[in-house]
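One chain, chain A, links the two complexes that follow: it is found with chain B in the first and with chain C in the second.
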Partner chain A sequence: MRPDMPGPNVVLLTLSLVALAAWLGLDTVSLAANRIVPGTGYRVFDVIGVGGALATSLPWLALAGLAWRPARHRLALALTLVVLMLSALPAWLSLSAVTLVDSAQARLGIGAGIWVVLFLQLLAMIELRRRLDLSRLIGWALVLPAVASAGLCLARWLEPLALWQEYRGRSGQFLSAVGEHLLLVGVAVGTSLALGVCLALAMRRWPGVQRAGFGLLNVLQTIPSIALFGLLLAPLAWLSANVDWLAALGVSGIGRAPALLALVGYSLLPMVRNTFVALEAVDAGVIDAARGMGMSRGQVLRQVRLPLAMPVILEGIRITTVQAIGLTAVAALIGAGGLGTFIFQGLGQAAMDLVLLGALPILLLALLVDALLGALTDILRPGGAE
Partner chain B sequence: MIDLIHVTRRFGAATAVDDISLSVAQGELCVLVGTSGCGKSTTLRMINRLIEHSEGEIHIDGQQIRRFREETLRRRMGYAIQSTGLFPHWTVARNIGLVPRLLKWPATRIQARVEELMALLGLSMEAFAGKYPHQLSGGQAQRVGVARALAADPDILLMDEPFGALDPITRESLQDELRELQARLHKTIVFVTHDMDEALRLADHLVVMHQGRIVQQGRPLELLREPADDFVESLLGGEDRGLKEAALLPVSQRMLPLGPRLLARERIGQRASLREALSLMLWRHAERLTVVDDDDLPVGELSLRRLVGARSDD
Partner chain C sequence: MTEWRRWAAPLGWLALLLAATLGMGQLEGLFRWIESDSRQVIYERADFLTLLGRHLLVVSVAAVLAILMGVGAAIAATRRWGRDFLPLVSQLASIGQTFPPVAVLALAVPVLGFGTLPIIVALLLYGLLPIVRNTLAGLEGIDPGVMEAARGMGMSGGQILRQVELPLAAPVILAGIRTSVTINIATAAIGATVGASNLGDPIISGIVNGNTAYVVQGALLIGLLAISVDSLFSRLPIATRG
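Take a look at the complex of A and B:
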């Protein structure tokens, strides 16, 4: 090794070898005769034989090789390779479908091997994006080929894919569930943002409010979500039975009202805490100058304190939203609707693919929101200031 | 112009500023000096009501400051502080235009004023107007801070250790610039510092504070020659007092007209201080210097005896 050559990239090396082991050792797909019966698993060489399996391990070995001597151009090559391999996963499913499926009822399940490999590939992409110093936006653009490939394969060859079948059986329901989910999250986050900012401002002004507020919110945060939904059931049921206009608004013991209340309750702490810390953390000298120059309190807040606190406040919104996307799934238990419905239905029917139909979009939504708000935070940092 | 009359400020049981009376005349540069915690900043901040005074009266142009709205009062006074307090999310140009914008000047007038001030403070428009504060050096940021304080052409300028965080060389050049600016603009300036050299360099009127009280005030030379007590004397540098005084006196005050003798080889400008003249004599082992004017033409001579001789004519 030449002295100026960097040492092996251990992360990438490990990822590629572990992924190779998972690829060869775990089931990549499973095949079931119909929706009810459990499927049989197929490893790579069950589908294309030992020779084929060895051939598919070549890209992994190449990746490991590139990780061994990670000069910049080799890392770029490695990234290209990972993107191609990611795009090849749907193709592998298609190949399995064409090779294995023999009846119209048969369903193809995605095996553990594929999930593990997918996960490791994404980790590898993140690692490479950081090493190569690429922007987040480029990072997201790099998944596009895989998305395109998945779309093409779904349309053309992946008719028997169980997840796809579950979706096609209830595509209308699926879309409205996504809508409900987003609505619940949006209303909960919006409400807690408005409340949170007011509360944070009040806390800055009156120290008493600060102690009481944080105490209450901390307690609220420790109640498990199911228990909170349960706790809200009785009082809300009583309210809707006794207060006509609330009932007319759709408030009842189960459904959206208690779900929203609980979601707002949980969202409030991270929102208030981040907003409060953000407002407090603004440089005292800047505020002193602003007031000394003759800005009114309102002007200082609107033109100086809030804009300077904005990146941290957005960080709070990001954390809260990602958390609310997950919690809303639980809210399906009390009939609030949303993607959680599929998860609990699927659990009830022991249909794992239905569970996935609920869980995967939740995961994707969380990632998407995380990325979008993260990007927004970056944009709002003025002139790249710290 | 600015009058503080028996002004006191308490924080709870502690008295930060204790019954001080002080007048700053129009066009005067008044420096408040003293050890840290003696109440200089509190005094300064009471003038623009960032801190309210507990007792006494503060007048601007004969009017009690409590008769103005706080914002109105502050927009009439420039304010510059050690940390600059520049808004990190605004460009240099926008920062400088802050007070004119608060005063609702038309955009073209603000633009013209910003350009004028940047030229005045030696900041080129192309290089700096669009920069953000974190892209500036300490000295540049402080220049922008001073430009911002001057933006709406206030009669009064309040400065709280504005050069305190700068390296000695940058600090001295900014001190010189402030003196030059002051000679041109004739603002009424209250300047806070804990650095006695800075205070002596800048002050028309020097105010020494100790534990919330004014222990002595007057012209720098008066204080140097007749310190009121040991505290003032030690603050003024004890053994260094002779040099500090010499630093305040120009060569032109002690020089004699050119005599019949040959011109001395070493030359010094008539605006240089006696301290610089003494240093040159020590360095060059010269007992006589030729004093020259701005065009380097001999106008007089200065001898060591004359330099250290009894003061008669200052």
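Take a look at the complex of A and C:
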């Protein structure tokens, strides 16, 4: 080994060996005769024999080998390999589908092995992206080949995949559920942003409002979301029964109205806290300078204070939105619609693939929103993008 | 005397929690008024003390495991031999924060089946992240001069960890544990939808049967439990942050 050669990249080495063990040791797919019966698990060598299984472990060993002497070009090669292997996962599912499935009712489930490997591969990508100093955008672009591969395989070979069958059985419902979910989150975050900014401004003006406001919001957060949804059922049902114009507006005990109220209630605390802290943290010297230039109070607020506070306020919006995406899932329990409907339907019918159809998109939405708003915050921060 | 006053608030909340748990039946009149249409207004499928016990058990098992694993992982990632893992661990802790608890819970069920185990795993995974993040922040935030001085005094790595790093980072670590436990007390209630029996039971049953009194009973106890635990944490001697 040359003296200038860096030591092994322990992280990548560990990840590739653990992934190899999971790949060979855990079930990669499961096959069930129909929707309800539990499936039988198949490991890699159950599908393609011991020789084939050993052949599929070669890329992992290659990855481990590249991690042993991590010069830059080797890490780039390792990243390419990880991207290829990620894209090969749907191909593996297709191969299993073609080999194992023999009847039209049979359903192919994704096994624990695939999930673990997927997770470890994504970790390896994060590690490599950082080592190679690639931008966040390129990091996202690296997932595209895998997405394309998954799309192709779903269209051509993956008809028996249980998750895909659940989706095709209710594709219209699925799209409207995504729409409802986003609508609820958007309205809740928008309302709490408007209310939150007003409240934060009022708190700065009157210390009494500050104490009472934070006290109340803190207590509100300790009530579990599921309980708050339930608690709003009765009063709203009573209102809609007794106040005609509210009923005409669509307010009722179950459905969107209580869901939105609870969502706004939960969203207020992170929103108000961040907005308040952001407005407080603006340098007093800057405000003095603005006043000295003859700006009015309103001008100082609009042209100086708010723009400077923007990154921290955006951070609050990010936290709130991600939290609201998860809470909206719970709101499905009181009939608010959205992706949570599939989760609770699936749990009720013990149809785990239906649960996945609800849970996976929620997870993806949360990650996407987090990444997008994170990038926006970076851009708006004084000093510009990363 | 001051010692007594310090613990007055958490003990008061705990007493209130116990009183509400044991004496829920006495409040029948009140619940009759809330829910005048139903024949039965007090949740009776299991008694509240059992539900409270199961709730506490699930949350504390998850919390103990999360503390051991979270603090352990963060310590490992800040040692010299584990430094390589530090960026990955801290990035994982921040990405994991975006996972909605319901989704984590729902994903745990297909793998682990219905019952208490998926809840413990979901709570453990979810509770792990604030602990890892805060332990990392606490250990990384220590003044390098202090570490230098400890090393100069001839302390070994283990001594520095036990006598310098952990005591200095304790308030931040404790704040992480506090966040983790408080969130999990509320999240465990959702576990009632996947077949675990705890204080979420009355709530779910109330929503399903349209019985607000049940919902209020579950929410009241969970709220009191969360406030009691939170106020206990805030009174611990090493907690400096509110």
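Definition applied: the second predicted complex is superposed on the first by the 379 of 386 C-alpha atoms of A that agree within 3 Å, B and C clash if a C-alpha of one lies under 4 Å from a C-alpha of the other, contacts with A are read in each partner's own complex, and residues count from 1 in each chain.
The working rule: a contact is a pair of C-beta atoms (placed from the backbone, for glycine too) under 8 Å apart; a residue touches a chain by one contact, two chains touch by 3 or more.
Being a predicted model, the structure only gives us computed values, none of them experimental.
Once the two structures are overlaid, the count of chain A residues touched is higher for C than for its counterpart among chain B and chain C. After overlaying the two complexes on the shared chain, residue contacts for A:P307 are found with chain B alone; chain C is out of touch. Shared-chain residue A:A290: touches chain B; no touch with chain C.
Looking at the shared chain after the overlay, A:A359 reaches chain C, while chain B stays out of its contact range. After overlaying the two complexes on the shared chain, residue contacts for A:A329 are found with chain C alone; chain B is out of touch.
Of the two partner chains, chain B is the only one that A:Q299 touches; chain C does not reach it. In the superposed model, A:A234 makes contact with chain C only, not with chain B.
The part of chain A that touches chain B in the complex is made up of residues 283, 285-296, 299, 304, 307-308, 382-386. For chain B in complex with chain A, the touching residues are 45, 48, 50, 70-75, 79, 81-91, 98-99, 102, 131-135, 145, 148, 158.
Residue ranges on chain C touching chain A, taken from their complex, read 34-35, 84-85, 87-88, 91-92, 95, 97-103, 106-107, 109-111, 114, 182, 185-187, 189-190, 192-194, 200, 203-204, 206-207, 210, 212, 215-216, 218-219, 222-223, 226-227, 230. Those residues of chain A that touch chain C in the complex are listed here as 9-11, 112, 123, 126-127, 130, 219, 222-231, 233-234, 253, 322-323, 325-327, 329-330, 333-334, 340, 343-344, 346-347, 350, 352-353, 355-356, 358-360, 362-363, 366-367, 370.
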